[in-house]
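Going in written order, the chains are labelled A, B and C, and every chain counts its residues from 1.
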């Protein structure tokens, strides 16, 4: 009977917020593509078929081929691997740093709070993109290093959010009641305050961070020098290719723009629906 | 406002800025490898550079001497971008330009976002969604679409004989007024800036309009807008100063994409060429801008809201 | 003719629900008229309708309101029933503040948090006289604040509940309203402070201001109100006096219910 409940619940979710449900489905597709693409052994050199360059959409190539005869749709899908897994890594790193730090700062108060918040304020004083550019320049352009650095760079925002929530609830009645019952502090903090009261807020921020990582990777790949570079595909470097004026409406040209924009909007809608405002917890 | 409050804020500003500079220095100094090896003529200059960069001194000493020199305006010497030129000289002019663009974009987004919030009160929500969808695009994407869009549009109009071929077509690839203006507008809109300002302004407006003092003023036959206006200052200042850090990052990207000659493009060059003193110096300036905007935002809010002064002054 | 505020046939709807049905009363200058009833029976909506400040849809669908002060007679609801906010604001402009004022329940939140008390009273006075430099202290003193020099420098968040209510009264006095709609101004204040505010209201009436005093607490009526309107479920059911309420010689069931409930609460208190 539980299996039948899922389609019904999904339908209710859809009715309540069709936009967000579609957005979530799209993101699911993207994430699956990104993870699957990691396992593929794509050799960009052998993918070149000069004789089939710049074909229009057709049975073999739904979005046509690019200037080197490579299938555009396949490359769009493969490009996902460069931000899906790294993006998730960034989220993991950020959560691992920011949630404990923010929660402890909010719960303990006093010097501990001041110290932790100051550290995060310091990190936040360097603009994120500038900090990440420096890291790439100094430590080299390594994909997973960028992901970890992005997670660290986003941690102040997440920590402040968690801090604000926990601090606001520190003297809430149910916390006082729990203390009076002798529930140990660590349990109050982690189970009640962090998990029960803050998880949607955290989820929203992590989704936003995932979106930020997507923007980061595509921006670097678009500009060149850092990020994913030819011949490996990235939505950024596929966008950057100069097709000339005549073909602006061709699928090869529009597809990266549309896919990137749609994914970013989808991430924003999902984050918005997750809410995490005080009323939703 | 009490001197104590101002002094406290200044202290926080100074300590935080030092922390940020320290963080970046640490990032550089803890990197594996020998920085001198990266330079083409490194070995020849090794003794000179070791002394100049104090590579043989302990880290805390190097911090202090960097700060000491920075306070005198000495941010080191560029190695690759403009070899031999002091960093401060390289970035002075472009830094001024970039700050002007930054300020202009900030003012633009605040005014535009507030106007949108005020104008859309009670309107259907697709207005909001439209602003959100347009604003959420990353700045590079907006720049790409704008530049290509303008070129394509102009070309098709020229081809159909609707307009004569303009002198500026195709969009010039050097810095110019048009590119600068476009960068400022895109910075004001993109990466969610406009949407966020609009949302915050709308929240603030809803709260203010539903408040007891507006109702009381209305019942007294008073003009409402002075009350609304000065109660908006607090929330808007908060958004503005918190957006500053994002704007700096966005400007760095836009300067590169739209080929402007500000401090952001130099940063890109420094990063690619591994000109660390230059990159570091620029980062110090950018971090100062962020900390300064925070300080200004706090000060304005304290000056306007007596409740905040009471809270802080305890 | 003496100054009067008279409303008849007030009917207020939100979508399909009728919130106030055919309410009528007359308030004269120098009189304190209490409007009592259980929470949610439409007392505040009735008061707001006198000022044209109900922003619901369709809102006030029927009302004949006459505000007469001296030689001025206003009928603000004429031609404006069911109209949008802008037209209502235009029609009620000569009435709001100038002739009819409003004392809110939460006085502290009815003051602009960013301005000092003195400035806000001065602005209210300036609306009346056109002179932006009025001295707020006499008004603060008349509202029962013994140290106006200190109070005028305070910000709203620094005021106690009772002080804030007196500042609101000072604002109303400075504004010069002939009639005041006092919406439960003593709710939430402690009994001694309450007594002070009620005395102020009584003094206002003695000075010629007509007060419509809304409350759900019957115990404060003796010594305060000249007459009592009983309201239930949006209808004005009866007009009586505090004495009649106390003595139990009542005609309407709603009034009896209110009195009985008050007695039970009081009895419980005294144990």
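By our rule, contacts are C-beta pairs under 8 Å (C-beta built on N, C-alpha and C of every residue); 3 or more make two chains touch, one makes a residue touch a chain.
Because the structure is predicted, anything quoted here is derived from the model rather than measured.
Asks: Measuring from CA centroids, which chain ends up nearest the centre of the complete protein set?
Replies: B
Asks: Based on CA centres, what chain would you say lies at the far end from subunit B?
Replies: Following the centroid criterion, the farthest chain would be C.
Asks: Using mean CA coordinates as chain centres, what's the subunit A-subunit C distance in Å?
Replies: For subunit A versus subunit C, the centre distance works out to 55 Å.
Asks: In whole angstrom, how far does the Cα centroid of subunit A sit from the Cα centroid of subunit B?
Replies: Distance between chain centres, rounded to whole Å: 23 Å.
Asks: Averaging over Cα atoms per chain, report the distance between subunit B and subunit C in Å.
Replies: Centres of subunit B and subunit C (C-alpha means) sit 51 Å apart.
Asks: On subunit B, where are the residues touching two or more other chains?
Replies: Within subunit B, no residue touches at least two other chains.
Asks: Could you pull out which subunit B residues touch subunit A in their complex?
Replies: It comes out as residues 15-17, 19-20, 22-24, 27-28, 31, 132-133, 136-141, 144-145, 148, 151-152, 155, 191-192, 245-246, 248-250, 252-253, 256-257, 267-268, 270-272, 274, 276, 279, 282-283, 286-287, 290-291, 294.
Asks: Touching residues of subunit A toward subunit B in the complex: what are they?
Replies: Counting only subunit A, the residues touching subunit B are 118-119, 121-131, 133-139, 215, 218-219, 222-223, 225-226, 236, 239-240, 245, 248, 257, 260-261, 264-265, 268.
Asks: For a test of understanding, state which residues of subunit B touch subunit C in their complex under the given definition.
Replies: 211-213, 215-222, 227, 230-231, 304-307, 310
Asks: Can you list the subunit C residues touching subunit B in their complex?
Replies: 51, 53, 89, 93, 96-98, 101-102, 104, 106, 109-114, 123-124, 127, 155, 157-158, 168, 171, 175
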